[in-house]
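Presented sequentially are two complexes of chain A, the first with chain B as partner and the second with chain C.
Moving on, here comes the complex of A and B:
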């Protein structure tokens, strides 16, 4: 593998922080080079992950079966009630539909589904092929909405029309059509929406409780444990709190423009960022000092519990090195801080969808010698992990087996996390998971990092 | 309960698939291509396709899965993907250095009319394919057939584009693997060796998707059928295609190109199908069956006899891919069990024909359906109307099993929540033994769980 260098044409998407090295702009937000073994997904994937957790709507994938099959319940976005989102609905387009168009099939499917399940709304995702054959899904949606009386929302997520980020935007556009259509009666002035929190492993519930303990009303969580009625009245909140900035900042901006609701960007990973996300909300309500008091109370109670527990992990993990390759860059910032708090340093940091500002900030945060990558591939990741002697890789489903083959620990910070990693309790879980994996006895039996036992 | 949304009343649906019992062609093509040594599968379409297929295969095997993509953009979709594919071929050979690139199409590239044969020829003419390297292709539009069709198309492409007839026959038999696990392919090789027949098995994902932990990430693991072996298939005495849907098209391609005669068999799952495979292979290789294989068979029969009382009459629902569930249905009947509902999302009349042959005499009332409308929603409705004692199918069956409180055995693709399928075969007599063990464990565990205290038995 040594002979495989950095992919030609990718030099600009890789940067190593060294003294004297020019802090030139890293190339990002571009589509991947043809022929690369990219870890990235498509526009449809972006829309699907954002809207998927809305549990009382039907989500119908308009296209051949694959797009629906591969996204059937793969993301652990938990619902406290209805679970319509966990079913897989597809128009399963066939050759004849591709030739003659799939509008009729979509119409009939929608009517059938709405009659059967009585959902609060329907989202219709268009896939690559729908963009090519030119089905007018807007017209079908309009017709079905008029006939059934529920919102039927097209999501223009043709896979080839950009990157995953464009899919986020298409999803936000659909949500924006719902927001503002419900009553805001009875909503407190001390209220927020939580944006970009998808309730993986129940994380939104944890975060929501912290805010409620501060005396803040959470009007809507977008979209974790999502309900159409809550989305409809989201414009009644006083502040939008945006996490996972890649996916929902555009919605926050639109809401600011249309409804005058300001937004802040937060992260719920790690003690530092979690605390800050409570304080920042309290700061937004300066006329209510009791909220800041309550926030301090929450942080102090939680940290008091958490801090001693973390020490045992820190003791074992101090000096260990981590590589991070996740979807959004914002997550990377929090992870760097969270890892530092348990004694670990970061030797590789990268994302699939970061923008220029994100990478600039990454450079500032990282230690000397840290490699920064955009839209990486397995060859590159393996190369840097071995060179930098990382002990841990944080990534998603496709990265996991690579870490294990290399003989290092792994933590899934993506769809497949099984335990909540957000909030103070999440920091404990995160440290425990990292500790378990890095210190696992299995590595004693493994020819670690290509060396001999 | 998760699938409480499933209604009991079965209604004709106009165009809707709910909870599919299939996925699309390209993932099958990717899986097949991984069974060729030194091959990098390439998805000619949007980035998402490649990413989804790699993720699904990774979840199923818990192994790294390497594949490249043409990364279509809006421009490519208007002007055609030729430039993307040519650029991709160049990039891949210069950076990832495979021996072979196996290109498959997607719904996107098929609809815009990209001609893979023409583009790969152009790549060759333009000198983009280095000496001694290969680019092969298969057309795998997602709106036709299923993942099984995609597998069949790529395997046929491999046969057609590699096989060479030199005019002098080699003393070897081709075995074309239908869609089966690496463990199954390993077992086919072991059985052939024990029989003493020289074979070329393709594709062969053993030692690719069941690779050991070595401390390095090997881009091209040591397994997979080699180019030399694939080229030699044109000189083989005959071919055995294991699976009429996923393997036969490759056998036909070989017959057409190199006049290698073939016989199509069921995948050797269960007693009878394994008998037929062993007989066919011993005949093709002109060898007698060694005692050790006869003893293996005897052990399987012995276990079935020992435990027959617990199997008798048990009602089974099953779903999955045709080449796997056709012989499995036959095996269930031989175990004196009762398959009552069978569903496969893969379309095609062969399924119905073969199922009829198996079921007409022994269980004519069994309900089965494949193709459009044959999804897990329908199967679940059937189960609600006529309950079963056991469900067999891929991981997605767990929702139905939980909802109906029925014992469940994972079998097929994908299995995302258990291990074992890549390591323990389902084919051959030992595979049959494993299936019987799994079935008995599921049934007896349930009997123990539900038994009244006075009927809770120690010896079973």
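Moving on, here comes the complex of A and C:
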């Protein structure tokens, strides 16, 4: 087989854990190398994924048609009520708009759409071109807000102005403008917000129920099944629980600074981390030992149901090898633990947006021989999948065809998934999906298995 | 309720660079490269994957703030260098985005500079540049721009050869395979461009391919100027924007423009042309395909007669499908496209002179909210178009027959046939079955023979 090397300039973003290997810091949080086929997206994408699930607002993309067209109804974020987030609105800028400016078109679009859909708020995403032609989005938003009486929030997400993480920040900035503008009357002291939980396939509903069983009020989920009114009163909660840390830590920090609300980082994937995320919340209310009792009760009931069901999968999957390449590093930690609990080892672990601390922790967690990558690309991923003889790849839609081409199983753990993977029931679904893909007899025909000839 | 008109709501089109990336995927050993932000490449990859279910690597020059201010030359050059090192491509297909177009990067000049700096006597990949600003046109314009740019870059002058250039438009990999089969059966050498029949619908890999096998070799494209004829399937593309138009102008290769051959009449025109070019009758196999199709029309005609359809998609597809629907007695009550060539209505009138009297509406530059508004008035029996119509189909309880691109909520879009007798047969079967299924579902009796 042809030797595949690492792209020049990327050596420091790849690390193989070996005895005696120098534990140098992995290079990360840099922008992608020109010409490498990064699996990352852009600033706009970061903003769009964070705000997308807010279901009673309109989301209008100010720019040429592509950015709106490619994000129309792509996420599995579901709503219990209004579904404005599943529509795609664009100012669809044309050449003349680029020359003469798009402010008027944006203004008219907003007035008409707000009249038609009567949303609770509007988010305006600026795309690459808007950053160049110099439209004053803030002024247009201010004007429309005054005329319509609803919050009209600019999201400065020009694709080239940073990385996806900067997009998260721009989205959090817009949310911060809403938080604090609603009444906190009647909110319990025993209350939390869940940040970075996007209600993919109804996951936020599952998690919310666990907390409610503990006697905890969930004030606002940001932004899964999101409602503007709930966002406005989020400052009334006693604690922020941050699930997708990559996207929402900046909001948690801002809320801590402005409203004195502390935050904790959690993960809802796998039994271990799911349980911990309930205990950690209980620990925050030490004067209420009944909450911890209830948390233990929830965990015990759920695990009792789940554990025996997992054994079938574990029996089949023990000794199989997985490769993980997902967006945030925190999810990678959980997945390593979740995979171990069903007998699988991890031979490749990576993320698009992890930071130095994340990678340090990843190195500590991983077994000898595990390859760790930051901001990887298809060539690299394939190289390591083949070299390490992985049986499974966990990733998103862009990684899926790599797995299937090479003849290994795949589990979609990205924001397009349609099956809930969070919570205890999510762990069951995860194990089931991994089992269904890894154990499928179709791989016997894959060339790497000799093609069954 | 009529919807507001300034904003585009649920677009019935995609952006220019997407089409270019797909077309570049149909050249052998070629890496598509987008000169712009990282997001464009990633979104387009994700979008193409949802339909084709194949890895598609699209490189990006990955603009930063400095590149937007000082120009993208540095990023483009570093990007080309890296792509060359990692993919070892024979061709790099560079398409611009709205960003690089707006700041006015002079890509041809940057490419010359790059070649001068890095050549050092070593062979370099061929670089093709297509200008594809997303604030103009839609994905289909990007597709044609890339095909034309490829021919402009590669075609050479020379002695006439027994060769026909075939520019098939944005058809499925299955359609491309069918075309190659037809040319083989006619024993007519053919330069098919683009040909992503294998790159976007290939087999499993025992080892990693930086670039999937398949596609039209650059050396074959070089011969395009020596061909005896070019055939292009399009109804709306101007000669000034088409590859065949360029070859006619630059090398005197006669340009034969045909509608996408969907339906018996349009397929006949294609086979007639092949007969003329080869001076031999079509192989018996295709007579058989045609006979079976005529027979199927007879068997199925009552199911489809005067069924009302809303048709949407790229303009060329809409024109071709309209011709087909009319020859089986169906009524396209609305022919709609998100594209806006200004040609759609005229082309349809040429097909159906009394279009307006027949109550066939034509609208270009529409979005799905426009189409939905129309559907409420026109009350069609079903919709025919890509998967993007599903939202509207579900909401208004109108069945959707999926054709073209993208198909991301059904399996096998890349293997669906649309063109020629074979493609028409498949479409006809599916249309009839849609009607039968609808009737069966609506029946309280549950007939087992329909």
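Keep this in mind: the second predicted complex is superposed on the first by the 446 of 453 C-alpha atoms of A that agree within 3 Å, B and C clash if a C-alpha of one lies under 4 Å from a C-alpha of the other, contacts with A are read in each partner's own complex, and residues count from 1 in each chain.
Methods note: a residue touches a chain if its C-beta (ideal position, glycine included) is under 8 Å from a C-beta of that chain, and two chains touch if they have at least 3 such contacts.
These numbers were taken from a predicted model, which means no experiment stands behind them.
In the model built by aligning both structures on chain A, chain B clashes with chain C. Legend: residue contacts after superposition of the two complexes on their common chain; A:128 is shown touching both chain B and chain C.
When the shared chain is aligned, chain B and chain C each come close enough to touch A:63.
Legend: residue contacts after superposition of the two complexes on their common chain; A:298 is shown touching neither chain B nor chain C.
In the overlay built on the shared chain, the residue A:405 is in contact with chain B and with chain C. In the superposition on chain A, A:242 makes contact with neither chain B nor chain C.
By the touch criterion defined above, A:83 reaches chain B but does not reach chain C.
Once the two complexes are overlaid on chain A, the chain A residues touched by chain B in the first and by chain C in the second are 1, 4, 7-9, 31-45, 60, 63-72, 86-95, 97-98, 105, 108-109, 112-113, 116, 127-129, 131-133, 159-162, 378-379, 382, 397-398, 400-402, 404-407, 446-448, 451.
Across the complex, chain B meets chain A through its residues 2-3, 5, 7, 13-20, 22-27, 40, 42, 45-56, 58-59, 62-74, 76-77, 84-85, 87-92, 94-97, 106-108, 111-112, 141-144, 146, 211, 213-219, 345, 372, 396. Taken together, the chain A residues at the contact with chain B in this complex read 1, 3-5, 7-9, 31-45, 60, 63-72, 74, 83-84, 86-95, 97-98, 104-106, 108-109, 112-113, 116-117, 127-129, 131-133, 159-163, 378-379, 382, 397-398, 400-402, 404-407, 446-451.
Considering their complex, residues 1, 3-11, 13-18, 33, 36-47, 49-50, 53-65, 67-68, 75-76, 78-83, 85-87, 97-99, 102-103, 133-136, 138, 204-208, 210, 388, 391 of chain C touch chain A.
Touching chain C in their complex are the following residues of chain A: 1-2, 4, 7-9, 31-45, 60, 63-73, 86-95, 97-98, 105, 108-109, 112-113, 115-116, 127-129, 131-133, 159-162, 377-379, 382-383, 386, 397-398, 400-402, 404-407, 445-448, 451.
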